[in-house]
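In structure tokens below, several structures.
You will see two complexes here that share chain A, one where it goes with chain B and one where it goes with chain C.
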Partner chain A sequence: MLLAGRGSLADGLGRGWSLSAYEGFLHDPAFADSLLFSLKIATLSTTVSAALALAVVGAVSASRRGRAALETAARATLAVPHLLAASAFGLLLSGAGLVSRLTHAVGWTDGPADFPVLVADPVPSAVLLTYVWKEAPFITIMLLAAYTPAVRDLESAVRTLGAGRLRRLRHVTLPLLAPALTEACLLDFAFTFAAYEAPALLGATVPRALPVEAVELYRSVELDDRPAALALAVVIGMVIALVALAAATISRRLLRARTGS
Partner chain B sequence: MTSSSSAPVPGLSLKRITVTYPGHREPVLDGLDLDVADGRLLALLGPSGCGKTTTVQVASGLLTPSRGAVHLGGTDVTRIPPEHRGVAVVFQQPMLLPHRTVLDNVAFPARMRGRSRRDARTAALAQLERVGLDALAARYPRQLSGGQAQRVALARALAAEPAVLLLDEPFSALDPSLRHTMRDLLTTVQRELAVTTVLVTHDQTEAAAVADSVALLDQGRLLQQAQPADLYARPASLAVARFLGCPTALPGHVTPQGRFACLLGELDLPDTVAHRGPGHLVIRPEAVQVGTGPDTVAAVVHSARPEGAFTALVADTAAGPVHVLLPPGTSPALSEHLRLRLPVAHRWVVPDRHSPAGPPSINGVAGPGPAAC
Partner chain C sequence: MRRALRKAVFAVLTLWIAAPLLPLLIWAFAGRWVYPALVPQEFSLRAWGQAAAPQQQVIAATGTSLALALTTALTATALGALAARGLVLYRPPAAGLVRLLLLAPVLVPPFALAVGVQEVFVRAGLSDHPTGVALVHLVPALPYTVLVMIGGFATYDLRMEQTARTLGASRTAVLRHVTLPALSPALLAAATLAFLVSWSEYLMTVLVGGGVVTTLPLLLFATAAGSGNQALTAVLGTLTVAPPVLLFGVGAALLRRNRAVWADPDHDPSPSFATPEIER
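Up next, the complex of A and B:
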């Protein structure tokens, strides 16, 4: 980050001191679009992944075998690299992809043109689906690790006090899993905000996610673009740091609520 | 098996409950029948692994039995889930919600019943006053001692206004003086509210101190259910006698005249012994005395070890070893010959048909005692 920071404040050859790269962002509407686009991808994919993970963990909570099967399935998904997952979703969801051909075969669509645009669209559906497929299992594993016998014993205890399934989820499971959920969401957000592969392969040309924009600028034949590329890397780092700070504050509050200290 | 006679309407009734855990061949509970009279306190006593906690789980609905039925006030609740059953449990650990204050933990059951936060907290405060912890209402569970946390757990269970209160060894993690305090608190609260209560314990002193009746469980079966004094004085089997600290068991038989014939001769029995035929004479160690005279039997000291201020003595007689708890100040030497008085009022005969164990081994002693005593 320090090297990127220094490079972002220099000219294309890494000499001198200048804020011109950052000043350029202020006058470039594409930067704001890219920032919002990346925030949208990270926020949506993290929220949906967290909701899905909570739902499946809650659904199998009572069954030891269910928890073991869920953990195995989640670990298997984690083993697939993001690049491979993004490529697979591209092959599945593109206009000429497998799903499009299947829907055509069963008569639901008239052909690729009739299939909804999921890949390379300003609405990053394929990117989000890839991330949810990859990150929901990650959050699931984090939640399962925090879903200790002590939490399950508490759930049993409050059953005898009149708490049904939803109330147990609200009053026991969620509060006790909240620290792990917060940490998992932070890691997920940080990764999806800074990751390159999925938005590069499945995203639209405009707007482009910040990491894609940064890599493209860094690869530019114009050396003068390099400070802007490094400045984008710094911006990405700053956003993640801000989110980490917020997560740390939330975690501290949750801990205080649990310990009363 | 004897049964407590003062049981008008069972508040809680377990009927032929059988529980077999997956992967286990032997059932944890094997056709268990248990009745708890409405508003009374039953102590469920037994060694570790005998099925006490499983019984609590079945009664509370946390575990569905393989066979049998659970009745509350005469209604079959076997298929009713715990949240709708009206049975509150105080577990061995307090099980308080760590992210809630003491007050909100106790208010939790009322909130689950749909009462407003203000009403639930008012009711919770009253329950905390009952257990003497209203001053700690604003604390979090981690700021409480073990005894305080269990009192909060008791207050929370009472706040659920349960039809039946189950306590699963709630005091076992506390130090002895605190256990006494908690026992007194439980007894007071239970008498005051007259809530049907089952206290699970492996401590016979605790059971005898607080319970209206005691049920002794072993290997998933009910050995005996009776009032504490009856259980001590008239055990139904040698297993019950031994568990209750009465290891003396002299083999013989009860004559048609109501006397116990054994290698010590014919011993008188109290009128309460109705059994006739083969059996074992049992007598509690603390009832046996060292003495002289025609009503004593000859014995040889086999072993002696201190037990607090007392001395636990095993003396061999012609009929078998007799366990004696001697008061402070008397400590016979090993192999010393002495005479033991077995007070008639404390004698009891366990019929042999209930005795899974064989007769105790007879170590060598100096001849039989008097022909009759």
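Up next, the complex of A and C:
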């Protein structure tokens, strides 16, 4: 990381010091687009995955068998490589993919061109679906690990005191699961923000996700592109560092709120 | 009513998990599958034959992937176990900081890691070489093994080792008959995670391997991105997904058996598979 930072501050041959790679970004509208695009992908996929995981954990955690089944299913999905998930979603969602064939069979669409563009579209629907498919189980597992018998005891204690389902969720379950949720969301954001495979396979050429842009620049034969690629690596790292800092602040607050009350 | 609801939830979940894997399996055995048919017009094993042809490098790449993943699993688990042992049992000063540093690589973007490391590797002659790739796979694998092994050592009692030693057991005997059996569930889980991390790695392998080291994910990406050969993509995909899922199944079964012997499940803080993931 440090070496990449050094390289980003040099000219094309890796000598001397210069900020030109970073200045280039300020004048390049494509950079802002890529940054926004990657932020959008990471934020949306993390939020949707977290909501889905919370809902599923909340729905089935009451029964022991349900939890075991959920854990098995989530672990099985975790074992699937991201690259594979991305290729599989390509086969599923492309114009002539299985879903498109299904909608044709039912009579909703007339042909591949009539099917909504999900793959290689500026709106990264296929990328998001892939990430939600992979990350929701990840967050689910982190939540289940935090959903200890102690949490369940507290829940039933509050229940005997007359709290309804929603109030239990709001005042007991959520606050107790919040640290695990924060941590899972941070890992998820860091991963989806920096990952290359899914946006490279399923994303559009414009706008490109930051990691895809960085890899393209790194492989380019132009000497000037190299510091730019390394500078992008630094930008990606900085965004993740900022998010990690925010997450650390949130979890410290959560801890203080719990011990303070 | 509630049972019906629960069943419906599970049906939706199963469908959600199976949806992307279904076309993969069908395509792998499809000979001809022209739009808009829902099932292939012809089934065949042609794509499998194609994958077995030497010029496709699939068999060689599978071997490379396996070797890399096994090396990473062994090394990362051993190092992770040592690090966790030091952190948990001997409580060095600033253990929290050391722990944080050990876990930090999870957050480092793979691209930054690969290009940074590349500078060093080129000088050391490790780039474009399997050793370099194995080393770089170790970086994202280590946090997971450390984390799992910290969980494993949390319930480990050092006095068991001391007892065995006072009873006259040699160091190797203690390791073989006390330490390793007691830690086997955590060791197994750590090794599985490290294997998965290495097995699924794409970007860092490409950048550090420089096109010389070809693994299964590299072939899968190239076929999925450029060839339009969906049957071959599906075959490569099936080859890529089978080992992790098998490993997961075997690992879970072994873990269940081991746990019954070694730990009271209610007091086990459940290191193992419950801790993070993978293959980022």
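The definition used in the following text is that the second predicted complex is superposed on the first by the 260 of 261 C-alpha atoms of A that agree within 3 Å, B and C clash if a C-alpha of one lies under 4 Å from a C-alpha of the other, contacts with A are read in each partner's own complex, and residues count from 1 in each chain.
Following the convention adopted for this analysis, contacts are C-beta pairs under 8 Å (C-beta built on N, C-alpha and C of every residue); 3 or more make two chains touch, one makes a residue touch a chain.
Bear in mind that the values here come from a model prediction, so they are computed numbers and not experimental data.
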Which partner, chain B or chain C, touches more chain A residues: C
Touching partner for A:91 - first (chain B), second (chain C), both, neither: second
Contacts of A:175 with chain B and chain C, given as first, second, both or neither: first
Which of chain B and chain C A:159 touches, first, second, both or neither: first
Contacts of A:245 with chain B and chain C, given as first, second, both or neither: neither
First (chain B), second (chain C), both or neither touched by A:206: neither
Partner chain in contact with A:167 - chain B first, chain C second, else both or neither: first
Parts of chain A lying in touch with chain B, wherever the complex brings them together: 153-154, 156-164, 167, 171-172, 175-176, 254, 257-261
Residues of chain C touching chain A in the complex: 6, 9-10, 13-14, 16-17, 19-24, 26-27, 35-38, 106-113, 115-117, 119-120, 196, 199-200, 202-203, 207, 217, 220-221, 224-225, 230, 233-234, 237, 240-241, 244-245, 247-248, 252, 266, 270, 273-280
Sites on chain B touched by chain A in the complex: 60-62, 81-85, 87-89, 91, 93, 95, 97-99, 101, 108-109, 112-113, 139-143, 156-157, 160
Complex interface listing, chain A residues touching chain C: 1-4, 7, 56, 59-60, 63, 66, 69-73, 75-92, 96-98, 100-102, 104-105, 111-112, 130, 133, 138, 141-142, 144-145, 149, 186-187, 190-191, 193-197, 200-201, 211, 214-215, 218, 229-230, 232-234, 236-237, 240-241, 244
